[in-house]
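Order as written gives the chain letters A, B, C and D; numbering starts at 1 within each chain.
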């Protein structure tokens, strides 16, 4: 990569709080991948997942302000690492384009602030998509100094990044995070719940509901022998990490699965120290899981041979 | 479908409705039109179609003739690219239409007045939608009025308001 | 010269008269220039209607006829014949389509429908005046027929024609004929053994004196026209000298290279690199699959050669390219099973015990990989519960909207056989059970009595992620039971996905190669969905079986026979007329600019170096008119669609908006306008 | 050539007139060289403004049909041209439209792409070479102390001769080749004229006379003449140089292609063609080497001003005739379309 690619960067609120680890590692890793992220000047909240359903016009206008500001920076793509922010930004961008009336109303609202936005002027993208598409697995592999061999992760996409469908990816069973983790050398478990809901803000409304959803994900990950769950959404990370003790209490389970952001693992693989990779900012400590890095996992010692009697599997 | 007052799209229409000459290929789009009929799909009566064996037969003279003889637009429809009954006639049509649109634009004829579209024999709906789209485009553009700058001294067919009233409509509209 | 044109407006009962003022229209038509008579009649296509035309031609001496009725695709031939009976050249007839293109689509307003009809009639009247009498070409029908596809439909078509005493080439892409039916164990609803009823027919084909069997072969190019097709066929090298081979089987028993058989065993079983797809294969000769053959990959092995008692192995054998001359073609290229990997939540390819319907057919087959035992992918465990998922890729807007017609019955068949062989619980997840053919519904009731569980609802997900006790180690089918109105999770050991029947992935190319049409899905388009289901828009090319649309065995067999009947009709006629709608070049005036030379899709235009003019070969020309429109000196004539006739038609359809009715010699000048 | 001694005692009357033209046609008449003497000997010249001084009243004085042959060159561009056309028609037995302008409109006909106002505006105000501080525009009537000064009305639409009066014969070319003038004169003298209304010339196209090697065509890119040095042996069109020869009536001997310049089309469309421009559009577009709207547009972007190429000489006589005049706001002006003419790529989906 001769000169670094320019992106407008929208961190979102969580990045300032619970997910600061995500924010810092995202910036750090992007730097290493020669992606230059220009944070939007004076960005505001994206309205999270609820606002849209409470007051659409206000919500759209709120988001559109960020788009308008981003459009003034010299980048064609707007990147957000937070799935909720990404969804809101993209939804606004798409719907303003799709519905001229909405576009008019929103721009009227923006006009009050002396700004405007032409829908489609920006391409809204999630950080993962940028790394997979614009950088590519080969370029990532080239940077791997310390492969994550021996550690098995469950790739957890969450429910937002696949809605609305992202062109090019299988929205019902995406695999690009799987591939990325494999590129880093990590073992990846085929994680059926990869796009299931983490409960979102349900934790504030009905713990029973939210914790059951969290339990399923943790249970399935444990079932598959994952040492850690890797995620790309602050909300997911928070729910699975912070509520793990309460879930254990509620269901009498003893889950102890660290939840890490994919950028943290990329950082480690690229040779960052634990501190630089913000390891330790999680609630369920990741050290044990990370300790496995470098050790050979049993499968690799004795790879399972297919039984002679067994019928052939379909080509994947 | 209620009768449409085209003067709402463009006052210059007055009491008239757009006239579009359609050139339909025998194998796909003409059959698509048949299917639209068989399925009783309504569409504007603006389209007056002419059957040719293939859009490859489309001689630009025909389009110019139609516009010169009082049509407000011309719609050429054929088989989808790659599905031409004669292998590739529709590609020839695509090239000719591209050049024809550029040429006609220099004569003050808006490119939207001459359109090329595809519909397979199975796509009655697509055919219908295309006629609607084309009609709306022409409705917005207003009458072409290309011929009467030449033949004005010859009285127009009675159904049609005279050029003068059109001018008034336009200036009032 | 003065023409006498007769215009006939058809009421088509209420179809036209209901929305078009037919009387008014014919009165109006009688006032058009050169129109000698205009009438309207209830049903022009009736014998009385036709006689009306014939009578006028004879008594009034009409020189041109216009019938304003339905689409020319419906009745043009009818009225052309009528004209001819009355001694008028059939090409001096023109049809105005005031039904499909007017009365049926402008039902909202009699006025608009009538105006539209007027313009179409006026166009036809102006056009018909410019038409020239033409004589159709007569061509002989070559009695040899090519049947493409050796499935049950193709086999039947071939046998019918061959039994009638005519030569047939039966072409098959795979090493053996038999098609999908050869993979099945039992057929619904009678449950008789597929092989038992198919193999005798295969044998007949293999030994029929009138049938030349060409397996492991594909069509590369098709030229010509009805009665006289030239077909280029590539016969892939089997690497076997079939004159010497006895089909003893020593070669494949000794072959060290084992690979998964993706075709005949549907991926569920293995075969060797040199193989015969199945014991009853016709022809009996094996074939070497070069991808998996060790000799072709590594350069050594040749075990088969060593062990072949007759020295029939020929590693040097090359593909053969053959030119066939045939008069008719029957396409019976069959279908392909939907690849369930495209619906990722169903986990096919990830979850070991999710099977496709074809895999399961092989599993049930006594000569299949499991010898007919119903077992899990591990090769030993018998399932205690089996889920059968319907409409996988059918009736699904994300994939195919159409219903695959056969899966419901196949699913019932599976259910019965699973119960019969394992006693397992069987769940069928369906949208609707469609069993609409003789004895099918009865079979459904039988399964209801046998205690197969039917859950109405589209399966959302198949997962091995256990959520509650009882789900561990199972496949959980997540479904909304629309009859209970509940989400259900049903744990099972095995899942069978009833995949859609899809067109062959190269169906569009095939259609193009044979000059026929494809539906949006990719199934070949028949000439008329009701009245001409096995013919195509291209004369002499017929279609049969699942290549035309999802079909079960009896329907495919029926279509095979129907196609054969149509071919035999043409052979019986011996000669056939072809439309004289052709291009021809006025060579005296051709300047040899060579614009037209590479425009002809049929290579019908040759450039004659001396005297430097282009020439059209009428036998190859199909009359598309591309060269006619392109000729910069306008010296190519497109018969029946001449420049003059179309220009006249344009003036005609614009009768009410035309300025100056042609006299454009007075020019409005604008000195007087406001400065 | 008719022998001098066969000439009738009373010489047939010949008139040559120039309407809206460049004068080239008059020179072309002289290009028949010494044969001009035969003409002079054979005919009694009653009108040739370019050469001798005649007065309109002299012509008006003649009896109707008294002129045997009138070679009329130039397009009908203003009231004066039209007046003369009618006058000479009335006075002439045989009226010949001589040269591209009279036959099909010719170069003056290009004014039909615009209108009267725009022409006046450019010529008397906007043209870089115009110095007109007072903003004077020509008036049909100007009052001066001496009395009234009049000028003929300037039309918005340029017309061919046969669009104002019936024409007996056509002699195309800009200018017509001497051999055709001779042919015409001989025919007239020998009294063996072709059927009225016919063109004195050929019914094939320039390719017929062009010596270049032609093969199957496939155009990937158009070049302006200055952009490439063409192969002198090969068809210019095949080399991407626009050449109207494929659709232009032969008769010139392919002069332009011979000197590496694409045919400009001055002889007009081939016999029987309704619109020569349409023939060029159809033929040239057909052989573009592109199958997607984007690719097609990319090639066409290399062909600026297609209408100018296709209708350079034939505009008034073509089906197109002239640019559309917008009717809105009461007064009419040639429309300029600024919208993109590109094909909608979705059409090709």
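Assume a contact is a pair of C-beta atoms (placed from the backbone, for glycine too) under 8 Å apart; a residue touches a chain by one contact, two chains touch by 3 or more.
Computed from a predicted structure; not experimentally measured.
A.B. asks: According to the touch definition, list the chains common to the neighbour sets of chain C and chain D.
C.D. replies: B
A.B. asks: What pair of chains is linked by the largest number of C-beta pairs in contact?
C.D. replies: B-C
A.B. asks: Among the chains, which one keeps its Cα centre farthest from the Cα centre of chain B?
C.D. replies: Between chain B and every other chain, the largest centroid distance is to A.
A.B. asks: Measuring from the mean C-alpha position of chain A to the mean C-alpha position of chain D, what distance in angstrom results?
C.D. replies: Using C-alpha averages as centres, the distance is 71 Å.
A.B. asks: Mind checking the centre-to-centre distance between chain B and chain D? Centres are C-alpha means, answer in whole Å.
C.D. replies: Their C-alpha centroids are separated by 32 Å.
A.B. asks: Centroid from C-alpha atoms only, then distance chain A to chain B, rounded to Å. What do you get?
C.D. replies: Computed value for the inter-centroid distance: 51 Å.
A.B. asks: Distance from the CA centroid of chain A to that of chain C, rounded to the nearest Å?
C.D. replies: 47
A.B. asks: What are the residue numbers in chain B that touch two or more other chains?
C.D. replies: 59, 61, 65, 88, 92, 96, 149-150
A.B. asks: Multi-chain contacts only, two chains or more: what residues does chain A have there?
C.D. replies: Touching at least two other chains: none.
A.B. asks: Would you mind listing the residues of chain C that make contact with two or more other chains?
C.D. replies: 599, 626, 629-630, 643, 647, 664, 667-668
A.B. asks: Should the pattern of chain-chain touching be classed as line, ring, star, complete or other?
C.D. replies: other
A.B. asks: Throw together a list of every chain pair that touches.
C.D. replies: Once each pair is checked, the touching ones are A-C, B-C, B-D, C-D.
A.B. asks: Quick one: which bits of chain C touch chain D in the complex? Just the residue numbers, please.
C.D. replies: 589-595, 597-599, 626, 629-635, 643, 647, 664-665, 667-671, 673-674
A.B. asks: Where on chain D is chain B touching in the complex?
C.D. replies: Contact set of chain D toward chain B: 113, 157, 274-275, 277-279, 281-282, 284-286, 288, 290-291, 293, 296-297, 300, 303, 305-308, 310, 319-330, 332, 334-337, 339-344, 347-349.
A.B. asks: Across the complex, what residues on chain D touch chain C?
C.D. replies: My answer: residues 79, 115-116, 140, 153-157, 159, 162-164, 203-208, 214-218, 245-247, 250, 270-274, 279-280, 282-283, 286-287, 321, 325, 330-332.
A.B. asks: Considering only the defined contacts, which chain C positions touch chain B in the complex?
C.D. replies: 71-73, 97, 99-102, 104-109, 112-113, 115-116, 119-120, 123, 508, 512, 515, 517-520, 525, 537, 581, 599, 601-602, 622-626, 628-630, 638, 641, 643, 646-647, 649-651, 653-661, 663-664, 666-668
A.B. asks: Name, in rising order, each residue of chain B that touches chain C in their complex.
C.D. replies: 1-3, 19, 21, 27-28, 30-31, 33-34, 36-38, 40-43, 45, 48-54, 56-59, 61-62, 65-66, 69-71, 82-89, 92, 96, 120-123, 128, 147-154, 156-157, 159-160
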